[in-house]
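Have a look at the structure below, then the notes.
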Amino acid sequence: MVKYIAQRVFYMILTLFIIASLTFFLMKLIPGTPFKMGEKMSDAQMEVMLEKYDLDKPVPVQYVSYMTNILKGDLGTSFQFGDAEVSELIGNRIGPSALLGFQALLVGSLIGTLLGIIGALKQNTWADYSSTFVAVLGKSIPSFVFAGLLQYYVGVKLGWFPVAFWKGPEYTVLPTIALAMFPIAITARFMRTEMIEVLSSDYITLAKAKGSSYFDIIFKHALRNALIPVITVLGPLAVSLMTGSLVIEKIFSVPGIGEQFVTSVQVNDYSVIMGTTLLFAFLFIMIILVVDILYGLIDPRIRLAGGKQ
Amino acid sequence: MEHTEKISKDQFEPAIIDSKKSEEISKPSLNFWQDGWLRLRKNKGAVISLVVIILLTILALIGPMISNYEFDRQKTAHANLPPRIPVLENISWLPFDGMRTLNNGTQVNVYEQKDIEDYYWFGTDNLGRDQFSRVWKGTQISLYIAFLAAAIDMIIGVAFGVISGYFGGRIDTFMQRIIEILSGIPNLVVVILMILILEPGIISITIALTITGWVSMARVVRAQVLKLKGQEFVMASRTLGASHSKIMFKHLIPNLAGVIIINTMFTIPNAIFFEAFLSFIGLGLQEPLASLGTLIDAGFKTMRAFPYQMLIPAVVISVIMIAFNMIADGVRDALDPKMRD
Amino acid sequence: MKKSKHTLLFILFLALSVFLAACGGGNEDAEKDNNKTGEESGGLADTQEITVLESAEIPSMDSVMAQDTVGFSMLNNVNEGLYRLDPEQNPVPGLVDGDPTVSEDGTVYTFKLRESQWSNGEPVTAHDFVYAWQRAIHPDTASPYGPYMMVGKIKGAKEAFESGDATKLAVKALSDLELEVTLEQPIPYMESLMAFPTFYPQNQKFVEEKGKDYAKNAENLLFNGPFKMTDWNGVTASSWTIEKNENYWDKDNVTLEKINYNVSKDPQAAANAFEAGEADVTPKLSTPAVIMQYEGDPRLVRWLEPTIFWLKFNQENEALANKNIRMALSLAFDKDAMVNDILQNGSLAANYAVPAEFVRHPETDADFREGNGDMNTYNPEEAKKHWEQGLKELGTDSLEFSLLSGDTETSKTLDTYIVDQLQNNLPGLKINLESVPFSVRLDRENNMDYDILHSGWGPDYLDPMTFSDLWITGGGNNKMAYSNAEYDKLINEANTTLANEPAARFQALQDAEKIFFEDAAIAPTYQRSANILVNDKLEGFTYHLVGPEYSWKFAKLNK
């Protein structure tokens, strides 16, 4: 196991390096100027600006100096936010996004699992259909529509929760619900399919025959075996939830990293794009590693480390 | 036990043991797919959904033609009209009477107000374009994206996942790194790049989807294969000398049907809304083309003033999604080898 | 059946309550803003506290580095320069004490400063102005606005920027309270120019002491304006607070005690927050459908901005170099229908290149527009004539162009409309629409990589020159290869020989605009209106047409 993890960490660094390099060159190919004032600046002024940010040098030279800086732990400074340190920008913005993502994941996977189990146990009854309906609706209504309706009806009309902004725990309620729709849907659907499959397998019949309680059968035997596809999807989903959603953050005025990242791509804020990409990629790869390890824990028959058949 | 005498002897007959008969197959010989189809037909929900999808597809194709107005014909004087349909307009509880509710709650017939003779079945948008034509034109594009995404998922995603999980070892390690790299590079950067190489539009969207759309499927399939490949039926098959490709296609993939289908059902709306998101940030379809995603997006902005502009495409997309999911559930049940009777 | 229904509900309830419990506690602040406005009107409200929504974070609070409206607005409320703009858009004395002495040729200004203090108690002196201005022009600072605002206006600015020797900038502290500024040529709008945040003072000792940390957050800033920033965690902060500055020289005329800011980027969400009583002022609402809901509502405040949008014709394109083709394109779309039926937000159809309600004649006080009126208005028949003439001159019967424009909802809708109108009115014309992000549009404009471009211009100072000198041959913002010797001559005269004769200069600029339209060099589309929601208890809400957007110095909250 230790050897396996050591190997994976090595690959992780390699993968991150490749991602960073590819993103760097792709990003530089994107047309556009990072200077908002571009319209009003004279050519002489533009030269000064390019020089200040090293943008006057050939791209390979910029690449080498950027990579060297990363190794030194320097992610550079932002264009759109008057020279702020990228590490600081990300640090300030990741918190709210991560909190919302975590809450949404928690709520989503709990409710989703329950809906999925209900669907599987009551297969092809109205309970199953309505659980499917909820799950499908959660997916087929775009999040901005759901968020907008939630904000208007629950926030403005009913006044139960604050409409927007980020000032305390109660401000997280509406965005969390809006964000949880997708994890609810995906968990419910996968859970239902897997549960149906597992419940029809021999060992469950055996467990039933042995007289195990209903609860035991579902939560000890069936659930565990149904988890594989769920954690496969939820892993990366956790990353995407925690790294923020442009739509939710915009509608509920959450100072998160998702909105900042999309903006930085649109305004060619190179160092912010790179910094955020590295962070997202790192989280993603980490989660995949964790999920791969979890496979073995959930289902001992899965052996990744050896891989020899 | 004491009552055994009551059963008369003539109730027993010796069985004729015919070794030929025991080999006989009582059910008609059906292959995997035929069998699946037979069972799918029995599932009412799935059949109805199939009909709905076919109807919607037909409407998407002919819809823009049966309306009297082209989907891109503008008439600003007719901007933001509510829906009005002949005959149905007389039924007041249906939302097709050309009435609009103002802020203060009063209802006005906008058509009479503006003295308009035309009938816009689904109303008009902010440029006075016919929403009926636009919704079906949009359905065309959204269905195209849905099928495209499903195909990419099924072909690239499944193959990638099965191969990676089945062979394991170095091949798996290498293929998983590819997935990590593809997921690591921001999609947005790749897509924006497209407008340099290609023009923004349906082709860029197709390519963007092709690059990363299948990643989730590949991972789910791989995980299932990891779980399945150690199981007895695979071992048995291997012991009997089945080739790798036979094991993968004949034994693994049918057992994966459930997750493959469920995952596809998530890829489809993801793809549809990814396209809407791209349009939202200016990289998707270029006006005057529309998709359900862009129509909902535009409608959402005017939701409180003209709710129908969002409602109609939202209903269409929801119906499509629910129908797809019902079919998916039916197909899943029908193909599941464990549930064959 | 029934049982499972209840189970489901119960589970949902359970999940929700666990989750709510997890995030309970500490929510006193939330309700505070809600009920602060009393029912009866008349007299001031007890708590002079409001909540304002901004459309973006503050990218920079360093007056030298600021380049966006939010930053300028904040600087305008917590700092002050020689002048500030009043509710009628006139410059009124800020730190300047009485009228400056101006040399006979109008190029040397000597400003006498009033005694005033920074928020750390140090006096604001003429040296602070010299320091800030020199910092703004120094190439190492790479200030976006510094060189743009100073070069060509303040003597020595160009030399200072190019040589890196900021002392070449002709600004001197004659004493602690006397500032001498030498100009390249007389500037008729000098006072309003001095109200622009780039010309604010900075305390050298403080800035240098803080070094890299200067302006990083509220603690690393000094204030000398009507308010001071009490809470701001830096550029990523989505909320911040300013409070009345007790050290401000004119504090007796400042009524508001505290202003809370929140960032809200979605117009409908901002309107929702306003409806829920969580905000007193929204950002500018750009979506027509949101504005429409408040049509006729006294809380909707609307004003005409001096920002004009136009189609630029790149004359490097052979077909667009043809005057008839350009004229045909300018005349062939109905702008009135565009602003009335699509924008529906009070914007005006623009048939001019210098906005309405922007500048007035120095003597007669007539609006700039009264001199020239509308030019090149919608006329499909005329357009067709020019079009056919143009096609004949080019020896072709069809033309294809691309229209490059922004990716916002508004610009996409307008462009779709314009393309449709042009193609319908001009047979044989095909236009491909290209909607791209702003940064891409900017880049392609700079490289003149477009046929037709839909862009706009908002002024930075109150003078028609900010529009007129865009189009001189080789001008930094021309970027469409337009060149007309006569136009250049008029602009040059306005800048030099006529600089001291305001009326004649005004006339020259009006004449230049006429020439520009005879050439059909651009096709203006509309002049934008701003629409925002303001609490009706808030009196003296003050917006500005150039530079900073809002001043809270003049506002007060009624009961």
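Per-chain numbering from 1; labels A, B and C assigned in written order.
Everything that follows uses one rule, which is that contacts are C-beta pairs under 8 Å (C-beta built on N, C-alpha and C of every residue); 3 or more make two chains touch, one makes a residue touch a chain.
Model, not experiment: these values are computed from the prediction.
Participant: Per-chain C-alpha centres versus the global one: which chain is nearest?
Facilitator: A
Participant: Starting from the Cα centroid of chain B, hunt down the chain whose centroid lies farthest away.
Facilitator: C
Participant: If you tally contacting C-beta pairs, which comes out ahead, B-C or A-C? Let me know.
Facilitator: A-C
Participant: Between chain A and chain B, tell me the centre distance in angstrom, where each centre is the average of that chain's C-alpha atoms.
Facilitator: The separation of the two C-alpha centroids amounts to 23 Å.
Participant: When the C-alpha atoms of chain A and chain C are each averaged to a single point, how far apart are the two points in Å?
Facilitator: 37
Participant: Could you grab the centroid distance between chain B and chain C? Build each centroid from C-alpha atoms only and quote it in angstrom.
Facilitator: Each chain's C-alpha centroid was found; their separation is 46 Å.
Participant: Going by the contact rule already set, what residues in chain C reach two or more other chains?
Facilitator: 268, 437, 440
Participant: If you look at chain A, which of its residues touch at least two other chains?
Facilitator: 30-31, 148, 152, 266
Participant: What positions in chain B touch 2 or more of the other chains?
Facilitator: Expected reply: 192, 195, 281, 303-304.
Participant: Which part of chain A faces chain B closely enough to touch in the complex?
Facilitator: 11, 14-16, 18-19, 22-23, 26-27, 29-31, 129, 132-133, 136-137, 139-142, 144-145, 148, 152, 185-186, 189-190, 193-194, 196-197, 200-201, 228-229, 232-233, 236, 246, 261-262, 265-266, 273, 276-277, 280-281, 284-285, 288, 291, 295, 299, 301-304, 307-309
Participant: Quick one: in the complex, what on chain A touches chain C?
Facilitator: By the definition above, chain A touches chain C via 30-45, 48-49, 52, 78, 80-84, 88-89, 92-93, 103, 106-107, 110-111, 114-115, 118, 122, 125-127, 131, 148, 151-152, 155-156, 159, 162-173, 176, 250-255, 259-260, 266-268.
Participant: Inside the complex, what are the residues of chain B that reach chain A?
Facilitator: Against chain A, chain B makes touches at 45, 168-170, 172-173, 176-177, 180-181, 183-186, 188-190, 192-193, 195-196, 216, 219-220, 223-224, 226-227, 229-231, 258-259, 262-263, 265-266, 269, 273, 276-277, 281, 293, 296-297, 300, 303-304, 310, 314, 317-318, 320-322, 325-326, 329, 332, 336, 338-339.
Participant: In the complex formed with chain A, which residues of chain C make contact?
Facilitator: 1, 4-5, 7-8, 11-12, 15-16, 19-20, 22-27, 29-30, 57, 59-60, 62, 65-68, 139-140, 142, 144-145, 147-148, 151, 161-162, 215-216, 233-239, 262-266, 268-269, 272-273, 275-276, 278, 437-440, 442-446, 455, 457, 460, 476-477
Participant: Which part of chain C faces chain B closely enough to touch in the complex?
Facilitator: 268, 287-290, 292-293, 337-338, 341-342, 406-409, 412-413, 415-417, 420, 433-437, 440
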